[in-house]
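Labels run A, B, C, D and E following the written order; every chain starts at residue 1.
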């Protein structure tokens, strides 16, 4: 019962929050709503016995990602209302509405799971983070490391792209300009 | 309580991981070198990258086909090996293109080379696994690096290209995870072989739901493989990126995508999922045709090549749809041949790249630029013409053999209609390749200056072009050995 | 000389590559000597050819893609021998008469490559090798038309390329299906044409495959209604381009018909006789009429080519030795004669830069030698006996008479209609008084033109008077081909239609 | 004998080639002399052969193989039997005379050498035609003479009318040649060979219907060459050529090729009476038809041309009723006097500076006595008056027709005989006698060169005496041709002769009487009949209006409307449609990221919809 | 009783909301928000499936998705900064220099 109430509450809030995110004209509202929605989602995770995931969700999203966004927003000066000319809004809703409809139709039906066996079963008495840790550092060690590389890539990308060196484009400079520079 | 974990090193099969590790360590090494001493010349990094890739290639070739490693996350089957070889060879051909005589922004970053190596590693992970998670992570690693590489070209169009690619890539990532989720929902696993087993055991009872997942997967991979209508990024990104990178993009991400597509769709097609077959059929036909007719009306050679590479990808997707051993071998054969030809063609564009917009305010390589090239630079014109003819499928140049084999695969699997559509599309495509030849050979030059086409040419670039041209012309002698090897590998991995 | 055929194929190409090194001043001499050597090589081939043996000679096989059954497989029989010689001969003669100054080097190199592809097509016995040369021949031709042609040259060149390319891709699909069926039947991959011949297919398959092959070949021939690329190509091409196009490239189509669909699908071919014959008749009559309406000399000859090709196709589909041998002979004849005619038009075009008949008149006064040769060639073109065309036309029509009486009569109108447009052309440009001032001081043929043209006249008459050395080997091969088809045919109808004379003779 | 055969055959060719070496050089008399000499050699050989075969022994040689494909085997084979020898004799005789004559006639022409080259070439072709031992060889000669005829009619190619006439002749002949070709194909596929002897040997084995078709198609060929209705118009127009050409080709030799063909193929024709009857009827019709046109024509050469046509009709009647030897006999005699007539006309033309209108002549007999005599002799022969050659042959034809119970044919021919006599003497009267009208037009006529007149004399002699060799002739050809006695009673025989002579003499008398008084009144020219005849029954006009012009028009339509606007436009339409659809589908590529994302979404939606809506059985 | 389907439907709905954002947002930053929603929608699904099958793999996947999302933000922001520096706007209608 508790589960149902929690599910519906969380669902409602999440949907509303995300809806605000995608429709709000104010970037600040949108971001706040997104953060709220993310927290709600972590609520689902807790509800679904994925404690570790829930924590990660809160830390990464509401901590790191939102901080980054906030940072960006200050840079972009989008605290004011954003002007967006949405062309063919009906099409937007048609496309997404239809997609939602199709997905819902397909997913409402219960999925038969006769032959499904859990590869990494959640065991009674083992805390979720513990179990996750074991799987993560055995089976998913490689993806984990790759994810590390990915984060490295992202970091380098962020640094390089936002760096000062990008302000002057060597690509657009005609070769003569280099020689002139050298002469000076 | 948890049982203690005991893992023996042998079962980990570390060698399966070796190639990617080489690339990653190489990338880190470049970063370290840069940390130690700033402002080293790009030639050093180019050579380092080549060496790393070379070692990487060695590691790949040394691999035991059929191995799984690291708790079965890594899968080194034939597809993985050929896929990695193609990726590495293309990368080795690509990276010397940085040695231009003009200076371009991206090559002034050592990070460029590091990112490049990480990207290669990402692609390698993509092809060397049948775990949807690892594929996803590898894909994202490679993609994120690729976005950055494009943007590093540092001009408005490059950013525009990178952003477009990035945003659409994010959407595609969303599709991918949704697809994976549904796969997971119906099978309780994210490992393809496991999924296949479960589905078979279920006798595909969850097919309707599964199809939703497959639809998402088609959309996600369709984006990578630039299938219509997920292709819209391709021409813009190719146009915005530097020509060399565009050439690279037309080959490597796609082969990675093909391998993944083969893995994901392969078992479904072998299990006779008619829906997938029909949908792919339609998608392939539309991709080939639409890209072709859009390429007809382009004014820029690079953009035309972008559309043409979409069309070629569609052509090759057909092989996946057909799904026989011959078809899958044909895919690789085609793509290896395409690699040399297309990279050569883009390299020709790269060689003739101007910094200023002499010819057209928007395009770097409008057709007019190549007017009368034969009288200014005959060898260049002939080589470019060879690439164009090869792309058009004129025998005996390389791509003809690929087309021949793919079409033969279609015919042998009783898809004669498809073969005819392919033939007609080849004919249509000949028009736009011919257009360039017409400009080069049949028109008078607009600017009679011998340096027009060799702005960027340095010895390494010329060498690469010459090498590609050589392979394009004499591909016929390479087909048989390649076919032997590829078929052996493909067969070994059960496709 | 075990590899004479390979040498024949690659010699011009290698010479063409080396030609890049030769200096601009001496490139002409270089081209001529290469073409002459190639011609002599082909004559050597003839000299060593055993005319009484019907099968393939000088066969060469080397694996190329063995796992897919593609081999470097060359061979020559009576059917192909003379078309090869025709190719080398026309190239040589065309080079002698070549009057182009602009980018001469590129022209000669392209011609040498073209020669390789032509020889290659006629010598190859592997479908893929055949296809390679077939397609490759488009490339130098595209360049020749496009770079040295008239105002619409790019359009014409591209049209030529794309049209043929599209058609041959359909043929390629046919080849792949054929290879597949062969594989199904024998478990071996093979693209060898001689192997394919031995495969007996059920009727249903035969039709589709026949159609696939036929479309590809028909566009090249060019058969109505696929012919419209030809007037443009001829109208715009430089003289040498037209000469080679008409003399050799078109023959690829008809040669292909004899080599590929007929022996491979005798039953379908027999069923298709009527539709094909109707198309041929349209070609013969309709294009002859169109030719009559032309204002441009070259277009007249271009359309006349189509008309003559109609007779060739008709002869081929007579399915008896007379018709097929005749059509092959007519290929040679038409090659020589139309080549000469295009060359002749080129002569006047070089002098006046126009080809409109209304610009001329009374040329016989100012250029008597030119008029003489033109007259001979016009007469040869209308198929006067003792010229090479007559032999071919006579045999083709005679052969087809066995198939249909009425259709032969209709086809025979080609000798009337041909005379109509050809004589009109001749009258308009050569007879009458010289009315145009510009024509009064025209120079008659110069040395190289005379040399080339008289050579062609000689061949025209020689082959018309004494065809035996050529017709003999052709006949030997054709007779064995026809009896092969007879034996291979599975339907009763086909067995009855394909009547080899050898068997009849033996029955007597 | 074979040597003689080859000499007879190739001497003209050698002459032709020799002369052609000088073709674009200024006049050299050597060409004329050489060709004439070689023709004389040929004539001698022919005579030798004639004498040889007179004993009923044919000479047969096979020079070499020509075409050998499948079951078809055509050699260059020559066979000289009585018929051939007669033809050879006629051809060489007339052509030798014409050659010599031409040396004078073409004296001032700048293309003198070319003329002789072609003339000898013609003789060669004619010899091939008559000497060949198979149908294909015949066809070679057949086309060869057509070619030479084309070149010689259009000899003065600067004249529009000449080049037009040349092409007309060639094309008309081609139409007939097609029939001939089909006939040959029929022979080949039904008899398996083209050799005369082999074909004739199996006549009885072949189905009658086939035989009928064969003979009919062969006859179509003959109709063209012999200018029978409706392919007759070219002959009159062919008079544009130099007069010796008309004499040789369009009177004596080439036009008789058709008759020769029928005679040669007599074993076939005699098996199919229907076709033979048709041949005879058409011949009779043409005889009268042509004669009627000759009645009113004002053109000297055209009148003779029509008379030729008319006489060819006679020959066909003879051949049609089965009297092949008579046809051949008439062919021979006709060759002599008709050539003579033409050469005489040539003299007149020379004298009158190429004026051809006989109403502008008159009284020429005073200045051109020899010519007058020669032409009168020829005309009398033509009219068939005893004892000249024409009498013997023509009378035999009438007799044959009557004996075969073809009374209508006989009647037609009988009337025609009268007409012939009339127009011949109309011509003679208007040209040589009466008022000297030429003076009004300021001509100064003169007699031709002596040697030309001497050259003509052999013909005159033959025209007079040839008839007396009838019995020798019959004896000679008996080996080759069926020579049946006509079963007419002696009374009838004499009656026929008298009636025929009467009508001929009547015609002559009427002409002499009428034209010595100044001819018909002007009113005659206003009548419909006159106009009809004068305009050749409007046939050339009909051909022009209803065949030539529509064909040209249709050709234009075929080109400009059909080829360019339909066939080519379809091809281009396909190409442009593809290209345009490229333009249209560019919309997808708007470059707007939002749109691009939506396209992706749309793609996904389509796939999802497909997933739930389209579910084929797995 | 909350079943798997409930969660999956929720996931689908969230996904659709994300799509709405992707389709209609013109501001790059906001667009990025929307893509986050897409990924999170899947995360909910994974977690739910994981729970209902008692299998940890789904949680693993979700974990990696979070990592990917974070990386994307970094790269995306980098690109945006560069663009903003050049153009002073994040409106995607400003990037249409390439089309056709």
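Note that a residue touches a chain if its C-beta (ideal position, glycine included) is under 8 Å from a C-beta of that chain, and two chains touch if they have at least 3 such contacts.
No experiment lies behind these values; they were computed from the predicted model shown.
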Problem - Touch graph components, with chain E removed from consideration - result: one piece
Practice task
Figure out the least number of contact steps between chain B and chain C, where 1 means they touch directly.
Solution key: 1
Problem - Number of hops, chain A to chain C, where each hop joins two touching chains - result: 2
Fill in the blank from the handout: Max Cα-centre separation from chain D goes to chain A
Handout entry: Chain closest to the middle, measuring from C-alpha centroids that were averaged per chain
Key = C
Completion exercise
Ranking A-D and A-B by C-beta pairs in contact puts on top A-B
Handout entry: Separation of chain A from chain E, taking each centre as the mean of its C-alpha atoms, in whole Å
Key = 5
Completion exercise
Expressed in whole Å, how far the mean CA point of chain D lies from that of chain E is 96
Exercise for the section: Take the average of all CA coordinates in chain B, do the same for chain D, and state the distance between these two points in whole angstrom. Expected result: 78
Fill in the blank from the handout: Taking each chain's centre as the mean of its CA atoms, chain C sits from chain D at a distance in Å of 36
Practice task
Would you give the residues of chain D that are in contact with at least 2 other chains, written as numbers and ranges?
Solution key: 586, 589, 591, 593-594, 597-598, 601-602, 604, 608, 611-612
Exercise for the section: Identify all positions of chain A at which a residue touches two or more other chains, and write them in rising order. Expected result: 91-92, 95-96, 99, 102-103, 106-107, 109, 111, 113, 116, 118-119, 131, 139-140, 143, 147, 150, 153-154, 157, 160-161, 166
Fill in the blank from the handout: By the touch definition above, chain B meets two or more other chains at residues 133, 137, 140, 144, 147-148, 151, 163-164, 167, 171, 185, 188-189, 208, 212, 235-236, 297
Handout entry: Interchain contacts (touch definition) - all pairs
Key = A-B, A-D, A-E, B-C, B-D, B-E, C-D, D-E
Completion exercise
chain D partner, complex, touching residues on chain C are 159, 162-163, 224-225, 227-229, 231, 286, 289-290, 292-294, 320-322, 325-326, 329, 362, 364-365, 368-369, 372, 375, 379, 382, 384-386, 390-391, 394-395, 397-399, 401-402, 405, 408-409, 412-413, 415-416, 419-420, 423-424, 427, 430-433, 465-468, 471-472, 474-475, 478-479, 482, 501, 504-505
Problem - Complex interface listing, chain A residues touching chain D - result: 87, 91-92, 95-96, 98-99, 102-103, 105-106
Fill in the blank from the handout: Within their complex, chain C touches chain B through residues 63-68, 103, 106, 128, 131-132, 135-136, 138-139, 142-143, 146-147, 153-154, 157-158, 161-162, 165-166, 169-170, 172-173, 176-177, 179-180, 183
Completion exercise
Residue set of chain E touching chain A in the complex reads 1-21, 23-27, 29-30, 32-34, 36-37, 40, 43-44, 47-48, 50-51, 53-57, 59-60, 62-64, 66-75, 77-82, 84-85, 90-91, 93
Practice task
State the interface residues of chain B toward chain C in the complex, per the touch definition above.
Solution key: 374-375, 378, 389, 392-396, 400-401, 404-405, 407-408, 411-412, 416, 419-420, 423-424, 426-427, 430-431, 434, 437-438, 441-443, 476-477, 479-480, 483-484, 487
